[in-house]
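Below, subunit A partners subunit B and then partners subunit C, in two separate complexes.
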Partner chain A sequence: MFRIKLEQKERVSKQQELIINLYAIAFALILSGIFIALNGANPFVAFWKILTSVFGSRYGFSETLVKSIPLIFTGLSVAIALNSKIWNIGAEGQLFFGAIFATAFVIYGPVLPRPLMLTIMVLLGMIGGAVWAAIPALLKIKFKMNEVISTLLLNYVAINIADYFLFGAWKGKDNFPYTPEFPLEAKFPRLNFGRVHFGFIIAILLVILLYIIIYHTRMGYKLRLTGSSLKAAKYAGIEIKKMMFLVFLISGALAGLAGVGQICGIEYKLHQHISNGYGYTGIIVAWLARSNPFVIVFFAFFLSILLKGVDSLQIVMHLPAAVGVIIQSLILFAILGGELFKNYNVQILRRK
Partner chain B sequence: MSDLITILFTAIASGTIILYATIGEIITERSGILNLGVEGMMLMGAFFGYFVAYHTGNLFLAILGAAIIGGLMGLIHAFMTITIRANQVVSGLALTMFGTGISAFFGIGLVGKTLKFSIQPIFIPILSKIPIVGEILFKHNILVYFAYVLPFVIWFIFAKTKWGLALKSSGEEPLSSEIMGIHVIKVRYIATIVGGMLIGISGAYLSVAYSKLWVEGMTAGRGWITIALVIFANWNPLIAYGGAYLFGGLTQLGLNLQKFNIAFPIILLKSIPYIFTLLFLLFISLRGKRSNLPKSLGLAYFRENRE
Partner chain C sequence: MIGEFLVEMRNISKSFFGIKVNNKINFTLRKGEIQALLGENGAGKTTLMNMLTGVYFPDEGDTFFKGKKMVLNFPGDALSMGIGMVHQRFSLVGNLTVFENLILGHPKNKFIINVAVEKILIQKYMKQFDFHINLDAIVDELPIGIRQKVEILKMLVREVDVLIVDEPTTVLTKQEADNLMQILRNIANSGKGIIFITHKMSEVFQVANSITVLRKGEKIATVNKEETTPNELARMMVGKEHNTTFNLPKTKKIPEILKIENLFVNSNNGVLAVKNLSFNVAGGEILSIAGVTGNGQIELADALTGNRKVGSGNIKFKNRDITQHSPKKRIDEGISYIPGDRINVGVAGNRSVWENLIMKVYRLPKFKKGLLLNNVKLKKYAEKIIQKYDIMMPGINLPALLLSGGNLQKLIIGREIERDCDLYICVYPTRGLDVGATEFVRNSILNLRNKGKAIILISGDFDEIFGLSDRIAVMCEGKFTGLFNNGDYSLEQIGLMMSGQEIENLEN
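Coming up: the complex of A and B.
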């Protein structure tokens, strides 16, 4: 018999951590390959198809970037909360709420000049997401309710509310559950690279801005201190409740932006499928990136490769869409398993 | 009147789904392991139970299969959180994604397939003859009756047996438990696996007995509601008993409001279970009573620290 002996050690450096994560991802991809093989498809062909579908053409690459835009937003949303040890599992619902708010302006508001109209929609989207995040925030701060459960339950409610409008007041002329197409004034300009839209620029600017805020301002210092130790934050005179509330609002606003990006940049209307589970995938992005904004861009793109790749696998190799979720979960498990090597010296001993 | 009886009857039938899962999750959490993978485990149970039921036509095998698959999912979570000591929140989320994906992937062939058998209700002699109460409580199928008994059994184990004591103390004070001779790691493994088995059964009950069909993602958030109900029940199986049926009742009431001519947008009614769950949680927090929350819930346990 063998037994595994673990000794706690100083957490490894960021660089080693990255290397362990890359190994873990490689391991997860091997497992996914085995899974694909067990289903009668050649995993090498499948992975090759994924790579060529992304890097093999201008179209493929631009479509991958398109998918990474909402993931950057939701990744940032989850990450900013995670920085303060708050689990926002509700980015999906906040994304929808942001989209609902922005759409409401198109439906009920006047058609304004494009820059003004888009600015208002972006702001409304952020407000919508923040409003939806304010509910779990208040529940946590006032009543100590666990935010994992409250944010998650509210996702279902937000999507129901979107359905309420889509099957009711906002229904298109042909009776299908989507709004009429937005006027030109409510569409993000494109960047002359496939469907990549202005939201990409907003996303990158926010990444830089959040990096500066988190690591180079007093406010960011307070944020991180609240996350690392509530006691220390209290001694430092930080008003923790206020801080938490603010974090929730920012987190919700960022997720709301993902919604605006989808309706103004890609779909040009509100419907039930504006999010491809981006709120949930954002959790993985944030967790993998250890909440560092720049690393979020990297992992958002990495997961977009998977999403885009799996889309084409569906078409070319007839593998169902669920493969994407399965691969994502395997990556999560592998990274979690990798934690072992980050926190402990692992020795395998022979048992006497 | 007959409308009301029907609603209460279905309340029991739908409450049974979350009752099994809630009891399972209580067992797991009492040992100190937080399992947020309920939604995924339930889906796996629902899929695999339906798969076995469809191919064998045997209810017992279907439930057994779902229990085994749920137990295996529990084993994954136990390995990640107890042996590897990974973050319990992330492991649970990964488990939910995994279960959602795998069940959707392998379940494609089952969509639209109907079972060749249906579970017959058993009218309990004498009891089912009682007016109203008999109609509501004693004209169900065997799985519902089993769920009547289960919370009492688990409560008894918790309160009156050595096993229960070992389980609870592992969740409260793992280090002292170890000194008292309790093998905390073993206890937590068993609790997570047994919890997973019951969650698997809840899924099979949903697909095979309640809905009588398999649809991708059919649990529709019931796994998350379960986690909230555990808190509502204050980790006590007997309260879970009432909680699950109350919850089933409220859900049915929501779906039936139209019948009573109460004007309310139909689509928003689908939100009622989620909103009620939030209100439940709010109510618990306002009540502010002593909580049975296991002290070490969600914390990794280091056996090495004991020396």
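Coming up: the complex of A and C.
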């Protein structure tokens, strides 16, 4: 009856790419709806609940923003690596390592005036993330080890290192695996909108800064070339190994910031559940937004709507928590499927 | 010998970004025929063939194959119907062997591959069409001339009836090209049809039966070889005649810009590619390096520009030892490089045209604006080169890989020649350029020489070598078998040196 025609496309504009991604999301949401229906709930009601839980109240909206803060950081982290064709699956581990470094200062360092203390913690968090990313970077550059595997596995190591401290030296007075609450000096100020904290401002400033760096500096030009073709970059006089290492460090530092944001802005202590999988969700954010830092903010917010909304589905409609994970995975699959439409013009014709 | 119609394309049109690249083109090909497709850079040759092979769909028009209307849905469809194309950019998998490449993607090899049987089959094809290729060699380690043949063999193994070869001879020496054309002749004689895209008039008259000329997306004419002349074809292509003679005015030689001492360089697989070379190049001089592809020329060029590690020996540039300097440092010191691999090395394909044009200059202070890059000024710089070198492109912000082969080459040439350097290393600089652009580039290189620059010209084209060089070196298996003043030895003698005879052993 019908036949499908594929024509090679050598180029899709950024806008087209975005539109294809939006279609992919719509497609994934339809599938999720079916899944929700199979669970015996009305998908329209469910989606409505998701929307109202986010936009229906000041509280809901601010909580969604709160979730989007770490997603902006991890999204940027994965995206900047992806821009140079490096797959950083390790934002989760780098997030934890950033948090560990920053927490160490609270535990072992002096209590300093708030701005100074927070600055030091932010820097330490970035260093922590960067240190953790330096390992796969060196493995890749020195031994050509595939970073997908090394970054992924190091996530588990990082989380176990956190456990080591949480069940050991940093255990709180009541013997549970979390640190004592941080002093006021180590807490981000709030922005007078629910729990939205100073990390949000850092995130937005970083988005602008990264945009400028990528498109308006020599360093950004080098990043762009390296990301497009290693051979051409080398030929153009760019030290590609240095560049790759730097990209890993920046990527790790950004993920580390997500960790600092969580412990200084929300949790006020280090424990096992500071992340909620933000490192992995960041991969989806980055893939959806591709290289544009501003679009990352948009998609980070979109995914936090899902995270927040699904939380309330669990409570209001008694749907399993896995629904959230499934919607996320469907979106990822739909986007990957959408790649076909980015590389080919697909026409569906009626057979004559 | 020439039989019935294989391909008939009727009224084919195609536009990109609103620009008509092919306009109502009619094109036919018969069994046993070799048809040359001629036209300036960007005339639409590759695009037309891409529509025949189903890479792109025409906006209008129909294609008939063996009398039946062709319906192409998926990229592989044309190949399985019997139309195969060897592209300007190669499509072999570099780290696999020749044999693996040949069977890769063949529909009959779905689950089980009988290696012995397949090899015998391939040997049969090789014998029939006179190929000599080691099936177990790794593709990356083969010279371009051989890789080209593997691509063609791959199509033959797929039993195509129509073979399209897009500028297959651009980097080949005369002998290699002759050999390739003989193979094309054999293939055509076996009853297949061949479409042969080239810019070289001599090849057209050597091998083609008929010639189709495109100009700016329009078909001008299809003529039989017997009924036309090179001059007439040139007129059809560009609307005017070209005469390409160069004169080399005496320049005052500036002593030694480049001095190489006992240079050893390894190739990718660790084999010695450059063996104990010593030579120098003066300012105001063009030193050509002639040789069959794959005899160490590329490795030498890469080593001189820092893109490949030197095994041992010294490179002195302007009296400074630069053997250990990075590519970046050498760029700053004033070495310009037109690389042999234009697609993978010469440009970053999915970055825009302007970003590719500023590759070598973006670090200059004049393009800085405080901490930032002055993108506006950089784009202006890029636009200047586009105009000067007449680069046809769909847009300055669009990716470089959308450019036609010749225009991509012009982009690289423009970028490298525009920069003020002391040493220019040009590898196959006029490959894929049409007659007009070739003349322009050769004149630009001569101008550099006359301004006192040192130039190393690696080329397979003897018109170019004899026309431009002050001295000629002949390279074979990593060594110079001869180094002499242009004019001292004949083409024949150079041919002997290219096959390994030392200059001292030639009888004069």
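Definition applied: the second predicted complex is superposed on the first by the 341 of 352 C-alpha atoms of A that agree within 3 Å, B and C clash if a C-alpha of one lies under 4 Å from a C-alpha of the other, contacts with A are read in each partner's own complex, and residues count from 1 in each chain.
In this section, a residue touches a chain if its C-beta (ideal position, glycine included) is under 8 Å from a C-beta of that chain, and two chains touch if they have at least 3 such contacts.
Please read these numbers as outputs of a predicted model, since none were measured by experiment.
Once both complexes are superposed on subunit A, the partners subunit B and subunit C clash. Contacts of A:233 after superposition on the shared chain: subunit C is touched, whereas subunit B is not. In the superposition on chain A, A:248 contacts neither subunit B nor subunit C. When the two complexes are overlaid on their common chain A, residue A:182 makes contact with neither subunit B nor subunit C. Between subunit B and subunit C, it is B that contacts the larger number of residues in subunit A. Touch criterion met: A:163 reaches subunit B, while subunit C stays clear of it. In the superposition on chain A, A:73 contacts neither subunit B nor subunit C. Using the contact criterion defined above for the overlaid structures, shared-chain residue A:7 touches subunit B and also reaches subunit C. In the overlay built on the shared chain, the residue A:96 is in contact with neither subunit B nor subunit C.
When the two structures are aligned on the shared chain, A:268 is found in touch with neither subunit B nor subunit C. Once the complexes are superposed on chain A, the part of subunit B occupying the same space as subunit C corresponds, among 59-67, 167-175 or 239-247, to 167-175. Touching of subunit A by both subunit B and subunit C, each in its own complex, is seen for residues 4, 6-8.
Those residues of subunit B lying in contact with subunit A across their complex are 36, 76, 80, 83-87, 89-91, 93-95, 97-98, 100-102, 104-105, 108, 216, 220-221, 224-225, 227-228, 231, 265, 267-268, 270-271, 274-275, 277-278, 281-282, 285-286, 302, 304. Within the complex formed with subunit C, the subunit A residues making contact are 3-8, 10-11, 212, 215-218, 220-221, 224-225, 228-229, 231-239, 345, 347.
Partner subunit B is touched in their complex by these residues of subunit A: 4, 6-8, 87, 89, 139, 143-146, 148-150, 152-154, 156-157, 160-161, 163-164, 167-168, 280, 283, 287, 320-326, 328-330, 332-333, 336-337, 339-340, 343.
Of all the residues in subunit C, the ones that touch subunit A in their complex are 55-57, 72-75, 305, 307, 326-332, 337, 339, 341, 344-351, 355, 358-360, 362-363, 371-373, 375, 398-399, 401-402.
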